[in-house]
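Two complexes follow with subunit A in common, the first pairing it with subunit B and the second with subunit C.
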Partner chain A sequence: MNNSTPEDYSVLEQQLNRHRSSMPKETAFITILAGAMYADHRAHAAEMAELDALLNRVRMLQAMPAADRVARRDEVLPGVKDDKTRGDRVRIACASIVQAEKGGTGPNDPGMPNLAVSVFAHACDIIYDDLDVTELEKTFIREIAKHLSIPAVDAAKIVEIISKKNEY
Partner chain B sequence: MTQEDSNAVDPLNAQLERRRSTVLSKERAFLTILAGAMYADDKARRAESVELEALIGRVKTLQTIADADRKKARDEAVEDVKEKTVRKDRVVLACNALLNLVEASAKTATDPDKFLAESAFAHACDIICTDHELVDAEKKFLRMLEEELKIARDRADLIFKTIALKNEY
Partner chain C sequence: MARQRLSDTDFRVDGKAKKKDDTVVKLGGTQLPLIGYIDALSKEESLYSLLFCASAVDGKLHADEIAEVNALAVRTTTLGKCSTKQLQKMQEAIEPQLDEHIKVLRLAEKASRAFRNNEKRAASAFMHTLDILFADRDLTEAEKYFIKRLAEFLKIPAKKASQYVDVLMTKNEH
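Then we have the complex of A and B:
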């Protein structure tokens, strides 16, 4: 037991990865959008207002009563505001979105086609809103494209269209 | 018959097409196109109206309008496109104004407004896709916009597809 070699830790890794964290798709959606807002480690009052407006109009959250949306947002914000936990929360959110897109094995969970691309485009829209795109924000976009399993070519096309839209 | 062919055989048409209207400012032209998108299906749904309101608050082109004047500018643009009989005319005028600005900036500016037309088109797609319903009148409106803003068909399709995917959830 005390003589473990580094190679032995792969067994531990396997066990640690056996259970992946996940979150409900609505929470995951809000986490990624709020993560985009805080990607440059600051969020202005105007951006927060924009996040609230967006949460009120995106289709994914339409079925939720307004009070529930606010409660879910408040539950998510501390995790993405904190630089130490944001990356982890967003990574889990991306994995949850990918899972929701795939759906389950039963007929009641057929999946949600294009969900990952939709979330990615919304996140780009938030980041390119002020056209002041920092290196931290570019890193955030690269990371979520990877974690949402969006091919680089598709991600680049989305970034191009969204950035040009927001140019004027 | 293309526009050039038609102009070759119709001198009156050639004269009429010689000048584009330049009366609209960039801000007014942009607003007219956005308001036109909202009314493309002859109804302004709540979701579209909320989106227009949100856009007016954040679209870069409209930031030059003082906060106090934005509501007035929006109301004027909406009034222009509300009536079906004049909507197309007003939107075509707005498209011409934007194209003139693009051409002028290409000649004079160091940082020309290369993507102004595509940006206006993408914002219009964003408004139309907001309510997750695309009716024939809206499709027609977007095709008209694509033509008037001289955006290539495949390019317009890519812009629409991207914005529609964003609004799917």
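Then we have the complex of A and C:
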């Protein structure tokens, strides 16, 4: 007979938190950029074209053949479009970026300095592009800054400068 | 003492070219500024020119670089409102001015006039231009020189320019 109360199940918390979902850094990058685009729960055709243009420009993705980039984008979009899954996908993507920035223990995985800040600045650029920044988008920026472990002062400076850039 | 204007700056490092120009001035007997104040550019033409200058400053302008400039241009608030036809017309006027380094610098100086008395517009134009420059894998000496001169042309204080460079460079690092 099970006498466990709902509170008793909190013992599972620590074990569940040991599970670390992750995704390749390229997928994580696309997930965060696409997440920024859908942060206000809508994306127009122009924004999709803009995302594609950005994916072609972003340095990390330039090593990938164009067809692979499109395939990776198509793989990412359903999870990001859906309001129920977007938050989780973006959170996992942020964790994967932080991990890629740190690198592994071996000499073949030396880490990628400034990766998290770079992704954050790209995401801000997408959100501030139309200067019509909604509360949902502001929440998205706060969330990714937190998940990417970017200090609040640095995040604020990036947001200020990127919004200035997109003013005209 | 008369202050030297940015437009009077002779960017040429080639002594022969300067000497030749001195001769022309002597023969003509009239001191002409290197860049005239007529034929001012609109804000749209100016920003588009700066983006092309950034792309062309390290040498010839390639088709993929033109595509990159246009992809970025349509994302900007200033150029996003222009039709494809308007952009094409502007591009046709700009391209012949990009075949020599000196011409690129002169065009950048001319284009910067539309923004230099407005701090916010200057900052925005500067950062859009940096976005093009830093998208490239390498930053050449010519590009570094161009960035410093552009900050000067736009009258952006050095400390602010440094902050903008820092953020845009980090953004484009990956």
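The rule is simple: the second predicted complex is superposed on the first by the 162 of 168 C-alpha atoms of A that agree within 3 Å, B and C clash if a C-alpha of one lies under 4 Å from a C-alpha of the other, contacts with A are read in each partner's own complex, and residues count from 1 in each chain.
Convention: contacts are C-beta pairs under 8 Å (C-beta built on N, C-alpha and C of every residue); 3 or more make two chains touch, one makes a residue touch a chain.
Quantities reported herein were computed from a predicted structural model and do not represent experimental measurements.
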Fit-or-clash call for subunit B and subunit C when the two complexes are aligned on subunit A: clash
Subunit B versus subunit C as contact partner of A:Asn114, first or second or both or neither: both
Which superposed partner A:His122 touches (first subunit B, second subunit C, both, neither): both
Which of subunit B and subunit C A:Val58 touches, first, second, both or neither: both
First, second, both or neither for A:Ile162, with subunit B first and subunit C second: both
Where subunit A meets both subunit C and subunit B, residue numbers: 29, 50, 53, 56-60, 112, 114-115, 117-119, 121-122, 125, 129, 131, 157-158, 161-162, 164-168
Residues on subunit C engaged by subunit A in the complex (per definition of touch): 43, 47, 68, 71-72, 75-78, 120-121, 123-125, 127-128, 131, 135, 137, 163-164, 167-168, 170-174
Subunit A residues touching subunit C - in the complex, by the definition given at the top: 29, 50, 53, 56-60, 112, 114-115, 117-119, 121-122, 125, 129, 131, 157-158, 161-162, 164-168
Sites on subunit B touched by subunit A in the complex: 30, 47, 50-51, 54, 58-61, 113, 115-116, 118-120, 122-123, 126, 130, 132, 158-159, 162-163, 165-169
Interface residues, subunit A side, partner subunit B - complex: 29, 50, 53, 56-60, 112, 114-115, 117-119, 121-122, 125, 129, 131, 157-158, 161-162, 164-168
